[in-house]
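So, here come the structures, one by one.
Paired with chain B in one complex and with chain C in the other, chain A is shared by the two complexes that follow.
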Partner chain A sequence: MRFKKIIRTPGILFIIILILIIGSFISPHFLTLSNFSKILYQSAILLLIASGMTLVITLGEIDLSPGAVLSLSSMITALAMEKGSSVFLSIIVGLATGLICGVINALFIVKAKVPAFITTFGMMSMAKGVSLGLKDGATVRGLNENFTNTIGGNIGPIPVVVLISIFCFIILFVLLAHGKLGPYLFAIGTDKEAAEYSGINVQLYNALPFVITGLLAGVAGILFTARLNLGHPTGGIGYEFEAIAAVVVGGNPLEGGRSNMVDTLLGVFALSILKNSLTMLGYPIWWQMAISGLVLIFALLVPNILKYKLIRIRLGDKQ
Partner chain B sequence: MHNKRTVIEMRNITKVFPGVRALDNVSFYVKEMQIHALVGENGAGKSTLAKILAGIQNQDHGDILLDGKIIDIHNSRSAQKLGIGMVFQEISLIPTLSVAQNLLLAHEPDLFNIIVNKNRLLSEANIYLSKVGLKIDPNRKLQDLGIAEQQLVALARALSFQPRILILDETTSSLTSKETNHLFSILKTFKSNGGSVIYISHRLNEIFEIADHITVLKDGLLIDSDSVEKFTIDLLVQKMVGQKIKKSVRRNISINNEVLRINNLSLRGLFNDVNMFLKEGEIVGIAGLVGSGRTEIAEAIFGIRSFDTGNIEVYGKSQRKVNPILSIKNRMGFIPENRHLHGLCLGLSIQKNIIMASLKRLFPKGFIFPKQEKETTQRFIEKFSISSQSKSRPVRFLSGGNQQKVVMAKWLCSESKIFIFDEPTRGIDVKSKSEIHQLINQLTISGAGILLISSELPEIISLCDRVYVMKEGKIVAECCGNDIQERNILNYMLGANNEV
Partner chain C sequence: MVKDKGLVHLRKQNVKIIGLFKAGRFIFPLLLLIILAILQPSFLTMSNFVNILRQSSILFILAAGQTLVILTEGIDLSIGSIIGFTACMAGSLVINDGNNVIGIFLAIILGMLIGLINGYIISHIRVPAFVTTYGMQILIRGLTIAFMKGDVFWGFNDSFRFIGAGSIGAIPMPIIIGVLVLIIFYFLLNYSTFGQSIYYLGNNRNATKVSGFKIRKIETIVYAISGLVASIGGLLYLSRLNSAEASLGTGFEMDAIAAVVLGGTSFFGAEGKIENAIIGSITITLLKNAMNLLGISSYWQPFIIGLLIVVIIANERAFEKLRNLILVRERVN
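Moving on, here comes the complex of A and B:
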């Protein structure tokens, strides 16, 4: 049936096309190459966080900490440079910050069985507090120019930030679609007991997504620092929710059990062009928030209604 | 035949769950090239025994020996490595994954231990699928397959571990006789290649068809273990059941007005054209295998599940649509199969649970008065002799039997007149079981009508005045009086082509 085929196309594509059409009417600059490279540049960091978040959501869990961890990694990388560390060492320190936060999250969730919501909420608060405390709430300026020029710069026409983000995305895409990680996370997200009976190392694979998300938040912190040319103690706030929104708008179920990295990519893209077009329309940031929220709810509502109809049709077919 | 080696041996295995002794000092061994049937009623301990072998549960006491050496099976992976494959009663596969992914989950062919080798995954999956004679595309999602096909995938998965011992827990309960025959030929091939099978089934005729050896369990005790020639069906049933079940002699209650009538109730795929009635003071049983639609019918009557066609008459009032609020208003109470999930609020006290369904009636002003709460519930706690240190303790800490009494007290408190019991004594120790049976009997004296769903035929036989037998969503028989006998009901439950 044609109806079924239409439903199976990810709903997010319709939203993207709709925004593109509306956007092209609004401004002649919307559908231009330069605008798109701008969108790409702006969505690089969101893509990183959302990629990690996809793994966490596949488990049916949630991670509220990556935004704050991003800020912490940004501050620590910048401070390391301010104290005279080499660029290389500063980057390692920034990555380690993210990794350690991820590992702490994972240990509490998997070993101490503290709910992920609580653990990562606590981590968010801690990371936020430490980032602000490091410099009494001030930013860190005067970074190494090599750092801002390489990571904040371009290779050919493409910003390095975008390249790194896409590189990380591709690795996770391969792991999820072609690695063992995919089926194992699907299994744990669907039925933890069955996964354990199957012989999957449930603890390990329950921990990995949180560790990966922490590490990616570390990467994001470094990219963020290079882009802004400063260490920012609150710069990452809100990314965690935007990432969750992107994953879900892309069509991945919040209850877990299945997911698709490409859907997340589309979700990130949709949110980014929406923001971009609203900016072009001259809406202030608060109206952008309100409209983004509305779109998020609708993006979830529509597939739910369609899914319900699809189930009715399927039942009908069987009889 | 005498020089077959013992492959696996279980010595003095004991397993205790809160309130129940699931296995009590059971010793049991399986030889090579043997199909060993484990039989017993529900709760006899068969599945627990199988789960201990498969590494899902650990025994409290006792040893397991493989080839004469003590082994430690601490999780399912170690069982798989030792050559023990299990097909579970409830399908434990992942519906969102493909057939091939499910088949080889957690031991898929890989590259560098990270990436799945998709070509080899498919080719290996095809090998095991052909072993069980399943001709399907291994790329299909598991959720798109039928139950029988899913069972065969589970079997193929168990075979993919190259097991020496294969455990099948009620694998045929959802298969047709043709599919069952096919399964048997697979098992026979497995056996002739030197494998051993532990076969758990309720279908006794199947056991005589396939098994070499039978072990009977009852209430966690090993009753008998001998080669199949030593048994007849009658003997086996007798050993499973213990002494012959007597009809209880509670009767001289007048059975009067009709309280509930179900007319042509149907729900696509679950039950079809069901007609029943229930009178005041009557206990009516619904017998049937798991999946025959018993629970679904009960849920539809109480209004948890909707139905497509038909209607429900409560006290002569016909209803096309029901919901729990309406049912409670109609003085109906539902004691569900899963009391933890659907019967109780585990974190709340005994008192709060008892008044749960009567809040509006007891406290019309919207506030709960502790004194009234205490007075109201005290009556039920005494009447049901619910034992606990404190009435305000969460019901989570009560034994299964006491918890079930709290569920019953809840519906008595709401002044129910029609009770639907779904597996009221599952996982409950013997003493509380007979207490609950007595309480059910007492209910009828005060004029209540009772629908009783149970997998335990002795329960149905000893309590019920009439029994409806369900099979595949339909009522296939109604037994009254002297027709209420285990063999009779089993016959109907399993259907004509499964003559016991």
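Moving on, here comes the complex of A and C:
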């Protein structure tokens, strides 16, 4: 019985605790408030994309486009500002970019029945092409100071970037846990046909996660621009994989049908403190890469081995 | 019920015509060929065709391994890093020791080993393929950077350069190796129990297991083959490029996946052939050639490739839907 209880707690918690213990031994600055606010600051954008991705993964699908859409939104926001439009208008334009990309994804997936992987793969390529092509691969500098000061700044001790990202996360958390959206997505992720027969508007609820992810990528693009104080055409590349990894490492199954926003939060947190502690260790980038890869695999490997052991124990009981 | 034979006949013809339109993946490369021929009359020469085949054969070799993986409803994101790692290892051996055979041998063994590890984790411990191979991608790239420490190996000896840049008679080596890979994979997929079991595995995992196939073994071997083939492709690429650096092969997995998908292999497993990978890789190569000829900036090129992937597949799905509709109506009648 005790063995079962241990397995039911998400495996990621063990990894987080392990990293915390090792980190606190390594550096006295690791377990400090200032370091944790830094970690929060660094993980804000990943959290945004990962929370959208959670919805998509609940459907049993994958969205490869948010990283490139982030860059596109960043470029378009910065370009709008460079052309002299107001801060408010530029933000709206950036959000609209993300939203439009999400809607296009959703239309292709729901109406044209193109597999989500291929649609979002194409969208990734397209968004990358446009954001590179807009300024021939150059970054956009000279942004409005009001913009970087408000969104890149702090409210009290907490950065605005973190506030926005946590705000979006909470909205999605409430939607998934307390609204219709959660059960409907679970139903579609488990069995699309059965969901359709039970009267769920499958097309709508299949499209929504992609639209939301697109919009969140737009938000992330704006935050990214404010943080770096420039529009970057390739800055977001790789975020999509990191987000998928965070969602899955947190314990949400990639096959869909079940998901939990808190798990995603844990996954994002784990990846971020891992990165932070590796940087604190002063390891060169290649060891950081190698260790992150290993941890990614082991985060799922260990719980799976334990699960198999549990099944074997159960079978043994029966015999 | 009296059947209207004429009508049925007509409808069956419709199905055939629609089937033809559905094959956008054949029509599109042809269209590209025509555009290229109009733009550059010298394009329609034998040497140019050989050149395009040479360029697409490395992509095909990578896509062939990816096809097997995708047929089992998996994905291998690590091949780009496997290419980098094995090519750098082989490069260092060839440059430092001048020993081609050991270098090539080591690269292939290493590629297969990494694939085996992928396969073992995916099939035996049931970690999702996406996460395993993504983790492996980061891990191996990190090791490659650590191994190279910013060095660049270049200027390989002639016999090593022969495998990627040389030719036997008029046929370049990459094409020969590509054709060899094609033949082996063709017989593997169509005429062996192993190949059939790959399709079964992609179709229904549990049913395959219950039928007595060793699904774990099959899946492990599939990923090992993908790694092995990737290292072969990497060696060819290295030999043609004549220089090895730590970032070699970055993003190749995406090109390979694009080639497989453009060829029409289904992402949900069990549907597709090795021939599809040829069409896909030739299409991508032709497309890149055409865009360069048209003077489209390399920054805009991903946009066009992405757009075409989505449009071609959407078009195919639309015709598929139409065909199914007609077939269903026929059955009702």
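We adopt the following convention: the second predicted complex is superposed on the first by the 308 of 319 C-alpha atoms of A that agree within 3 Å, B and C clash if a C-alpha of one lies under 4 Å from a C-alpha of the other, contacts with A are read in each partner's own complex, and residues count from 1 in each chain.
Just so we're on the same page, contacts are C-beta pairs under 8 Å (C-beta built on N, C-alpha and C of every residue); 3 or more make two chains touch, one makes a residue touch a chain.
Computed from a predicted model, the values in this text were never measured in an experiment.
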Touching A:His178 in the superposition: chain B (first), chain C (second), both, neither? first
Let me test your reading of the model: by the given contact rule, A:Lys38 touches which partner, first (chain B), second (chain C), both or neither? neither
Scan A:Ala187 for contacts with chain B and chain C and give back first, second, both or neither. first
Which chain makes contact with more of the residues of chain A, chain B or else chain C? C
First (chain B), second (chain C), both or neither: which does A:Tyr197 touch? first
On the A-aligned overlay, A:Gly133 touches which partner chain: chain B = first, chain C = second, or both, or neither? second
Chain B partner contacts - residues on chain A that touch it in the complex: 174-175, 178-184, 186-187, 190-191, 193-200, 257-258, 315, 318-319
Quick check: in the complex, which residue numbers of chain A touch chain C? 62, 108, 112-115, 117-119, 121-130, 132-133, 136-137, 241, 244-245, 248-249, 254-255, 284-297, 300-301, 304-305, 308
With touch defined as at the start, can you tell me which chain C residues reach chain A in the complex? 77, 121, 125-128, 130-132, 134-146, 254, 257-258, 261, 266-268, 297, 299-307, 309-310, 313-314, 317-318, 321
Interface residues, chain B side, partner chain A - complex: 54, 56, 75-77, 80, 88, 92-97, 101, 105-108, 110, 113-116, 118, 268-269
